[in-house]
Structure formats: C-alpha cells, structure tokens
Amino acid sequence: MSANFLYTIEVILNGLMAGVMYSLVALGFVLIFKASGIFNYAQGVMALFAAMTLVGIQQGQVPFAHLINAAFGTKIHHFGWTVPALMAILLTLVVMILFAILVERIVLKHLVNQEPIILFMATIGLAYFMEGMGDLMWGSELKTLDIGLPSGGSLWLEEATVGWGAEGSGFYGLFIDKLDIVATGVALALVISLTLFSQYTKTGRALRAVADDHQAALSVGISLRKIWVIVWAIAGFVAMVAGIMWGAKSGVQFSLSLIALKALPVLILGGFTSIPGAIIGGLIIGVGEKLFEFSIGPMIGGATENWFAYVLALVFLIFRPQGLFGDKIIERV
Amino acid sequence: MTTTQSNSAQVSKSVISGRASAAIQPGEELLRVENVSLAFGGVKALTDISFDIKKGEVRAIIGPNGAGKSSMLNVINGFYHPQEGEVWFCGKKRRSLKPHQIAHQGIARTFQNIALFKGMSTLDNIMTGRFTHMRTNLLMQAIWRGAAEREEIENRQVAEEIIDFLEIQAIRKTPVGRLPYGLQKRVELGRALAAQPDLLLLDEPMAGMNIEEKEDMSRFILDVNDEFGTTIALIEHDMGVVMDISDRVVVLDYGKKIGDGTPTEVRSNQAVVDAYLGVAHD
Amino acid sequence: MFYRQAGDFKTTYREDIHTFPLRQDRIGYYILLAFAFLVVPFIINDYWASAVLLPFLIMSIAALGLNVLTGYCGQVSLGTAGFMAVGAYSCYKLMTAFPELSIIIVVLTSGVITALVGLLFGIPSLRIKGFYLAVATLAAQFFLVWLFNKVPWFYNNSASGQISAPVRDIAGVMVTGPEAQAWAKYLFCLVLVVVLAWLTRNLTRGRIGRSWMAIRDMDIAAEIIGVNPLKTKLSAFGVSSFLIGVSGALYFSVYLGAVEVGEVFGIQKSFLVLFMIIIGGLGSIFGSFAGAAFLVLMPVLLKNIMVAGLGWPTDIAAHIEFVIVGGLIIFFLIVEPHGLAQLWRLTKEKLLLWPFPH
Amino acid sequence: MKLAKLATIGAALAVASSVVSTAAVADLVFPSLSYRTGPYAVNGIPFADGYADYMTLVNERDGGIGGVKIKLIECETGYNTEKGVECYESTKGEGSLVYQPLSTGITYQLIPKATADGIPVHSMGYGRTSAANGKIFSHIFNYPANYWNGASLAINHILAENGDDIKGKKIALVYHNSAYGKEPIRTLEELAKKHGYTFTGIPVDHPGQEQKSQWLQIRRERPDYVLMWGWGVMNQVAIQEAANIRYPMDQFIGIWWSGSENDVLPTGDKANGYKALTFHGTGSDFPVYADIQKHVVDAGKAAGNGDQVGTVLYSRGMYAAMLAVEAARTAQEIHGATELTPAQMRDGMEALEMTEAKMAALGLPGFGPEFSVSCDNHGGPGLGAVQQWDAAAKKWTMVSDFGPSDMEVIQALIDEDSSAFAAENKIEERKCG
C-alpha cells in the first residue's frame, strides 16, 4: 500500500480518537440540556474543577491553603498524606454531587420556568464563580495528574502494521495513543451505562420522562428538583472523566476549562439532545478537522482545526438545522 | 355594545379600505381557489378543493378536526404551497409567493393559537400591523426627524383609531404577554385590521372564549365587515356563531369539500350532517 | 414622591413617542449628558480614560450592536469579537493606506466594511435558529481571527504580526497614538457613542425596530404581517455589525493603539459582550450601557477595593473577584431575570407610586 | 435604598481614584505586572514570586538600593491586555521606574505609551524583537536576548552537534499560531538560506490542547530537529505528544518560554532529554539562595508559597529583578542621586554592564551572560545557552555555555523592522554617541 494511503488511514484513525475526546466533553452538555433545557456554559469549568479537586484530594492538599496562609500568616500546604487514586475519584464524585445539590438549591430552584437564555446566563455566572472558587481552593499552579493511565503510542499496533507500507516508503506503522484507546473504552462504558441507567432504573426512566415533557412528568409526580440534582451530578461525573482524560495529557491547569470550545461544534452537529449524537458528532468533527488539516491545511497555512470544526458543523446545519440527531424542529401556525 | 357602534362610526371609511381590489365591486369574486391539492409526505391534507370568496362577504370554512381548514388558510396566505391547483386573487392568477409578499397584496390573518409579539406592547403590536403601509428606509429611520417621524405619526393615528374601535385604549402600553386571553385575541384582530386588508383571514377567532367574549368578538367581526366592507374568511368551530354571522359556508372533511352554500343550505346538506355526527366513512 | 408622572400630559403623538416620555427622565438625561460633555473632559486623567471610560464607552457600542441583533432581532451571536476584529483591521488598513483620510471617516468606513462582512455571515440565520445559530456564528469568530492572523496583508507584513495605530488628529487635536490626551480620546468616543446610541434608538422605535422585534417574538406571524424575514434579519446583522465594527475600530485605534487579533478579539470577548447585554437587558438601549458598565467597572472597582483598599494579595483578590462577579450575576438573575434595565424600570415604577404602593 | 446604593458606589469609586493619585516619592517604585490567574497563571506565579522575592531580599539584606528602599507594587493582569493597560495606568503615577509587561500584548501596548510617558520598559526575552534598536526605541529594552537570538542560538546548537554542517537537514518549528509564535520564522528562513537546511513551520492554534495533526505530521516527515515556540498548555501537550510518537527528546529544542519545569513534569520520565534555550542559570545552587532563604523565606516574607524557589521561571523573575536593581544602581552612580526618576532609570538601563565579577558579588556567579547595553543597542549581544531536562533528578542542567547568536543575520532584520516601524509612526532616529 502506498504510504500516502496509509497516512490517510492513520489520520482518520487519530481523528476518530480525537473525536472521542471531544465527545467526552460534549456528553456533559447533552445530559443537562436534555433534562433541563439548559445550555450549561460552566461544563468546561466543571471539568477543570473536578480535575483540580481530584488532584487536590489525591495529593492531600489543604483546601483554601493560600487564603488561610494569607489571612493567618500560617504556612500550611498539604496534610501530608496521599490518597489512592480510586478513593480520590470517589471522593471527587462526592464533591461533585454536593456541587449539584448546591447548584440546585442556590441557583436553579429560583429560576424555574425562566427562558433558556436566562438559565444560560446563570450558568455563566456559575462558571465565573467556580473558576474563582477552584483557584481559591486548590491554587492556580500546575498540577500533574497521575492516576496510572497509560500514555504513548501503541507499539503493538506499530509493529503489526509496519509491514503494510511499501519497501522504502519509510512507513513507521500506524500510530495510536494508548491514552486514546483508554478514552474510547471509557466513553463506550459511559454511554452504555448511561443508556442502561436511563432504560432500566426508575430514576433513569423519570429522567427520560422529564426530557420528553416537563409538564407531563410533573403531573405524574416526578420531582423536577430531584431530577435536576441527579442530572447535574451525572454531568459533574462526566466532567470529571473528561477532566481526567484531558488533564492526563496537559496537566491540570486553567486551560482545561477551554476544552468546552472543542465540544461546541460537536454539539451543533450531533444535536443538543442526543447522546449518540454527541458521540457520532464528535467522530465526524474529529475526522473532518484532521483530514482537512492533513490535506488542505498545508496549502493555506495550517492551524485550521479550530475554525474548520465550526464550518463543518455549519455546513451540516444548513441541511439539517436541528443537528444530526436533534429533535426535529416543527413549526406550527 | 352600543359603545361599539358609536366608536366604529368614528372610524373614517378611508382608514380601513381596500387598495388592490378597488376595481372589484362588492359581490364580485375577490379570491378563488381552483382544484387545490396539498400533501405532506404521503399524507393528503387537501384534495381538489375549489371555492371562491366574494368581495364584502363573510365566508366561513368549517369542518371537523383535521378536516384541513387551517391548511386551507395557510394555502391562501402563502404559508403552504399546494402541489396542484391555483389561487386567483383580484382576478389574477397568483404566482407562488412568500407569505410576506402576500401580506403586501392585502391579505391579513389571525391565528388559532395567539401569535402576538409577546415582548411588545399592544400599541406596538398594532403598529407592526401597519408594516405594509410604511415605506421609509433604514437611513431615514435612523435619522428619524422628518420622513420617518411623519410616517410614524400618520400611522399612529390609524393605529389609535383601531384601538378606539376595539376599545382597548386602557391597555395601549401594556406588554401583550400580561393581557388576559380574550384581550389578546382582540389585540390580534387589531393587528390584522391595522394592515387594512382586502381579505381578512380569521383562524378560530373565538376559540376558548366565554359567551360574553364571543358576542363581543362576533360584533367586532360584523362591524368590520359592515363598516369597512372588509372581506372576511373565518374558521370557527361554534356552529351557532358561524351560522349567525357568515354569508356563505364551505365545509371540509378529510381534506375534501363536502358542502358549499348559505348557512341554511349547508345545514340541510346530508354529507355535512354525517360528517358532524361522525358517520363512518367507507 | 418627587418622581411623578402626574401632570405630565401629552397632547400630540409626537410627544408620546419621545425617547424619554417623563419630563423628569428627560431632565436627568440632559444633566447626565451635560456632565459627560462639559465636566468630565476637565477632570479626566489617563487612568480614568484608559482603565474605565474608554473601555466602557467602546464596549457600550459593541453591546449596543449585539443588542440590536440578539436583544431586538432575537438572533444570538457569538461572533462579536470576530466582527470587532474586522472593524479593527479595516481601520488599520485604511489608516495606513490613506494617511490623509480623516479618522472619523476611517472609523465609520470600518463600520460599513464590517456591516458587509456581517451580512455575509448573516445569511445562514435564515435556516438556523437559536443556540444552533449561536454556535454557528462561532465559525465566523474562529475563521476571522485565523484569517487576520494568517494573511500578512492584513498586518502589512510586519514582522511582529501586530497592528499598531498611527497618530491621527481631528482639527489638530490628536485622538490616536500615545501622545493623544485623555480628554480628546474620551470626547471622540463619547460623541460617537451618543450619536450611535441616538441612531440606534431611532431605528428601534420605528418600522424597522418593530420588524426586528416581530421576528424575535414570533417569526411566522411577522412574516404573515408582511415582514420579509431574510431582509429583516440581514438588516439586523448589518446594523449590528456596523456598530460592532465601529467599536472594534475604536478599540484598536483609540483605546489600545496596538492589537494582536487572537488575544484582544478572541472568543472570550465575544462571550463578554453577550454577557453584557444579558446582564444589562436584552432589547434595551439602556441595558447595553448598564451591562457594559457592570462588566467593565465591576472588576476594576472590586480590584481597587480589595488590592488598593484592603491590601489583599493580588492573586487572592483576583480569584475573589471572579467569585463575586459570578455570584452577582446569579444574584441579579434571581432578583430580576430580565437584566439591569428591567430592574431599573421596576425601580422607577415603584418610585412613581411611592409612598403610596397602590 | 437606591440612594444608599449610589452612595456606596460613589464611595468605592472615590477610593479607587484616591489610590491612583497618591504618589510616594521616597521609595524606588518597581511595578510588577504579574499574572497569577488566568490561562497562564502556571507560569506567571513563579516569575512573580522570583521578582518579588529578590526585591524583598535587597530591601531586607541591603536596606534597599543605595540606601533607598524598594517599593514593589504588584498588579494582576491575568495575562490580559486590557487589564495590563489598567495596571500600567494605575501604577505609572506612583513614580514607577521600569515596567516588565510580561506579555506580548501588553508590551506592544506599552511601547508607544511608556515612551510617551518617559518610562522605560524592559521586555526580557519577549515583546518586540526590533526594539533592540535603541536609536528608534528610546525607552524599550530587551536585553539580554530576544526571539531572533533564540532562533539563531537553537540553530547554532544544532550546528555544534553536527560538526557545523547541517546541509540538507530538516528542521521543523512547532509554533503557537500568534504574533509571538511567528517571531522566529523570518530568522529561521534567513538562516536556512545560509546553512542549507530545509525549514518547515507547523502552527498550533490557541490554546493548543489538541495537537494530533501536528505531531502526526512530524512523525511522517521525521524532521531531524524540532524547535518549539509554545506557550501555556501548548507546551505540555507538545512535549507529551513528542514523547508519544517517541521523537528523540534531545533533538527537540524549545524557546525559553517552553522550557520550565511545568512544561515537562506532566510527561514524567518520557520527557527526559528535552532541551530548551535559556539566557540565565537555574537551580538552587547559587549563593544568593542562602540569602533568600534566610532573609525572605524564613522571615515569612516570601511572595508565594515559597515552593517555587529555584525553578526556571522563578530564576527568570529573580534575574529580571536583579537586572532592574543593577540598572537602578548604575543610574544612581551616573546621576549621583539616590532617589530616581524614570528618566534617570532609563539612563541607568542604557549604561548597564553585567560582568562576571558583578554577578559573583551578588551571589550569582555565572548566572547570566556578560553583556553591556548601549545607546544604539538595547538588546545586548544576544548570548544564550541550552539546558536539558533530567527527568530522574527533576531538574534542568546546562549543557552549553552562554554562546553568541548570528548577529550578522539578526542585526539586518532588526534594522529592517525597526526602520519600518519608525516610518509608519514617523519616529526620528536618535543620534547615538
């Protein structure tokens, strides 16, 4: 096989992997939008906050240490213990559930039945708030996230495919990052468990009912407030997973919150209300932007991925204004 | 009710008079649909419908739920384009036009579910109804002094006359979202009237009203028709009202025309009676 | 008690459609204008100009522009900063290509160029609605920033890739460049702000403004009344982009003087302008100003109180600033979801009735 | 209620304005436009700590400069241009002697503003490269090295490793797709003509969390060397991706803003061997650290947690402070005054001379290159070194001396760019000497 063909395959393969990473972020948006019609601007900051909390707990950091030191002249930083990764993840989950409860109590409760744009605005306030709060709690220094995830190219795949290239083409074998393989597994597990949860548990069914029709759900006695807490907690969990996956590569730092921008084109493409849409949208965006950068990028100066993802989504939207899997917009007179 | 009479008398005829139909005499044909068929996907909404609307009459379209009444109105005001058939307006065959172009030809309508501009006041809603009569361009609007202001004031006078006519002076500056249902319906009628249409389409103008409100609304409809000679086509469920106020009635069922004529004729039509009594179609 | 509607009768429609129907409002407005024009220029210093007033005035224009599109016409856009960049780069190219051209003409032409670009990106709005459109406008944002960064022609092939504003004057008074006096820059922006706000106000109260709002509130009904959706949406995109372009041009030439597109006109700025109009009040001229004031002044104020006033460490103050701004946004939304403008209206309504609440 | 609110706001504004107007004359004022928050806080914190700690040290140990205490005013910019302008305006009235803008965007803001206000700016290893031409940029200094020096230093390092022959070699540049990242391209292209290597530029869009395409391209094309002009999260991801594709780390060379502990730590052991340019020493082995420990950290006067002491960016902040202090000392000597004005400070910076003896006396032997500033050269000689990451020891080690860059090529570029700037802004060239 010609090297160029193999490179294309490699780009597509890696595009799919990148797409999975985008989907992980997009999932959190979809969950909240589906259940409450809120476009949660704070999703990216939630991922950052969760990852910071995870590292903070794992390394035994004292929350608000900087603030306490400044106020009382003390010099505390760490408790002096470390927490096993799994335990830290569970504790972070507890924090995210607490967070969901607080969001519901303090913010959402007061904004029931408001227009979407106002709820969107509230999540912006939330994003500001959490950004400041996260830094206050855990400091804005770079944190290395180490929960034993693998990284590096898969040697096995490279060796298995190195012979595919023609003699002298200098083909190395196909490249895939092991972290991406893990991410794919995690995404798969997430989607399956979310599907099982919504199909086979009482809470899950209630969740779907709310997503379909708020009023109807209320009339059969489903507590909207409870549902909101659950959804936000799940979204918090998804945010943590996204934070871990992205943070493993770059360390945990402010920029982690910017991954939300990578999820937006995925959302428009897949539709705000569809979990499979988030996955497939992510894959299309991932492959699309990588292929474009690979084939056209060099001719027009490169670094096209940011805008191309949006343009790709835009083109799709012109033909399907509700996204690939979004609920069809029906206009009645 | 007496106030209605006296108020309506104040409205000058020139205010709500026709324009494109000036050449057409009352009693002559204003609009005609010819063999109109409309389908969504495979579902037939209208099949081979033909009828006419004469200038100056109140024409009712009735039929059971799902008969295709709203679809018919949507065809007339250009929201749907029929796959087959023609629409003739003012003696000319109409090309496939967009709804906003049709509005400029002089057709206005109200909606089954109130379609007011919720963020705007009563006055602004009615002023928006004057849209087709306003001409000043963006630049003139931006500068305001001069042409735009003059135009605004002229049209404001018309809008105020309609407000007086419909007795909604007190809610002039209230955001329509805060108004009760009956008043919203009235404002919507006002907005449609503001366009000074040749043909006014009313989609269930009395749905959800109590008897008193229905009486009010019937009076307004008749007044509009009497005083200004506005041609009206309306959809209504309340048979009593329809028979009282309309000159001629078209009856649709399952997208087909099953009756056409004066209220008395229609009432004695067996097919119509069957449709309303729910006789099985076979 | 002193704020009264009573006795303030209108006898003509012309009076009734006045911007400030209440005489007291009108007087307050004139006093404010007089203060802004006659007093502020004499007491302004570099700090007030550069840190507070210039960003406030210029961002107000941008907020005004976005409010036309989003608040009045209902088309949510996240491409604001991209369009500001169009204004800024048009301004730069015009300033360097035609050094003799008056800065006023340059700034306004930049607005016109931006309006044309805005029209282009407004076309998809006919099919795409709501949040989908918002995210679609991000395509404009990212593409424009990429373009200005990538094509050297836009920054005259300078090695640094930055654009910097040459010195320009109006009747001998410098308004751009480092030597320009604070008062001159301030007055230049103030005049533009007042004129543009007045024009926008006129647009929003007449035929065009009502057609925008009609499209916003119920596009189908609007169409059946005779409003052409494409024309109306495009006119909103055009007017909005014009204002945003002017603000971008001023942001570059008068306020910053040197700009790197990715940093100054990044996606964060787009969000910031959107926040301004939502906090200030959608579909309100006053709201555009209130929102810009809130988001420009509040951080400066908080910082000055915490760092200079209370002597807290700068980083803790910065974090707390985020917490407070975020908290305030949520607080205001809970108190009054429709923004500061509505809060202001309700306060006035209460004042009108005070001290007799019923 | 409303009045009370207004009153509060009014009072607060009054506080704000009064803060601005109070100017202390008795101290030597050094503003620090730090960024301890925002997307680049990770890098801003150690720099700000180093800058502040050294100033504190001079105050505590020596009682200030020439007996006059230093007053450090920290102002948070969040690496944001608008906030930087606010910081500049709020501190310039307090007698600020020299600005370290610490961001490309803010530097470009301050070049005309500070020049007009007569306050010198020291953009050390960043900002506008052609500001090295002192004849045109009277108040801007960017000694001891700039980006174009950096590009040349990297090529020189490659030359040295290959016996001065790199004809036909492939060198790629992974750069932040911004004005900053594009800085070295021109120089690298010029040098490619001279040395006969092929050059490829690979841009990464901000913020740079996703670099698959770029690194797959590198994996395909296998350049002999990869240079990097990265910033923030882009650095960490690039180094991680380079490790993933098993790119030889010792052929991967970053600019000094891509060469801190923060950039390599997330990648762990696999980052071993990664190189970065530098224009100052690093590590805690210098005598000055004993003083900092004693007078600053132990005295509880450290600016941050104290956990950044000895890191690369802390060292850079400290180095910047040291150069500022030495320039102030020089200014005091020239003008025979202890209290300084910004104009005098500028003269001091222009006459600054760093010798090995001077650095040794300060407890920083061999910490930076020897250099001197002059009226027409504000950029110094452009000396720099290469450091390499030792992942096992978790520290950077110097692998070269402070060597020269190719000033022949660079000076031509500087002259060209600065005269273009002068023409566009109608600046007359100063007469020097």
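Which chain is which? They are A, B, C and D, in the order written, and residues in each are numbered from 1.
Keep in mind that, in the parts below, a contact is a pair of C-beta atoms (placed from the backbone, for glycine too) under 8 Å apart; a residue touches a chain by one contact, two chains touch by 3 or more.
Being a predicted model, the structure only gives us computed values, none of them experimental.
Think of each touching pair as a link: the shortest run of links from chain B to chain D has 2 of them. The chains that touch both chain A and chain D are C. A summary of chain positions shows that the Cα centroid lying nearest the centre of all protein Cα atoms is that of chain C.
Compared with chain D, the chain whose C-alpha mean position is the greatest distance off is B. Rounded to a whole number, the gap between the C-alpha centres of chain B and chain C is 41 angstrom. Between the Cα centres of chain A and chain B there is a gap of 51 Å.
Averaged C-alpha coordinates give centres for chain C and chain D that are 35 Å from one another.
We define each chain's centre as the mean of its Cα atoms; on that basis chain A and chain C are separated by 33 Å. Looking at chain C, residues 146, 150, 220, 224, 313, 315, 318-319, 322 sit in touch with two or more other chains. Multi-chain contact residues of chain A (touching two or more other chains) are listed as 66, 135, 140, 301, 303-304, 306, 333. Of all residues in chain B, those touching 2 or more other chains are 79, 111, 115, listed in ascending order. Within the complex, the chain C residues that touch chain B are 12-14, 17, 199-200, 202-203, 205-211, 213-214, 216-218, 220-229, 235, 239, 283.
Residues 45-48, 50-51, 55, 96, 146, 149-150, 156, 158-162, 164, 166-167, 177-179, 256-260, 262-264, 266, 299-301, 303-305, 307-309, 313-315, 317-319, 322, 347, 351 of chain C are the ones touching chain D in the complex. Residues 2, 9, 12-13, 15-17, 19-20, 34, 36-37, 41, 45, 74-76, 78, 81-83, 85-86, 88-90, 92-93, 104-105, 108-109, 111-113, 115-117, 128-130, 177-179, 182-183, 186, 205-206, 413, 416-417, 420-421, 424-426 of chain D touch chain C in their complex.
Taken in their complex, chain A has these residues touching chain D: 7, 10-11, 14-15, 17-18, 21, 66, 69, 73, 75, 77, 135, 139-142, 144-146, 151-153, 170, 172, 175, 177, 246, 249-251, 253-256, 258-259, 262, 289-290, 293-294, 297, 301-306.
Within the complex formed with chain C, the chain A residues making contact are 39, 66-67, 70, 106-107, 110-111, 114-118, 120-122, 124-133, 135-136, 140, 261, 264-265, 267-268, 272, 300-301, 303-304, 306-307, 310-311, 313-314, 317-318, 321-323, 329, 331, 333.
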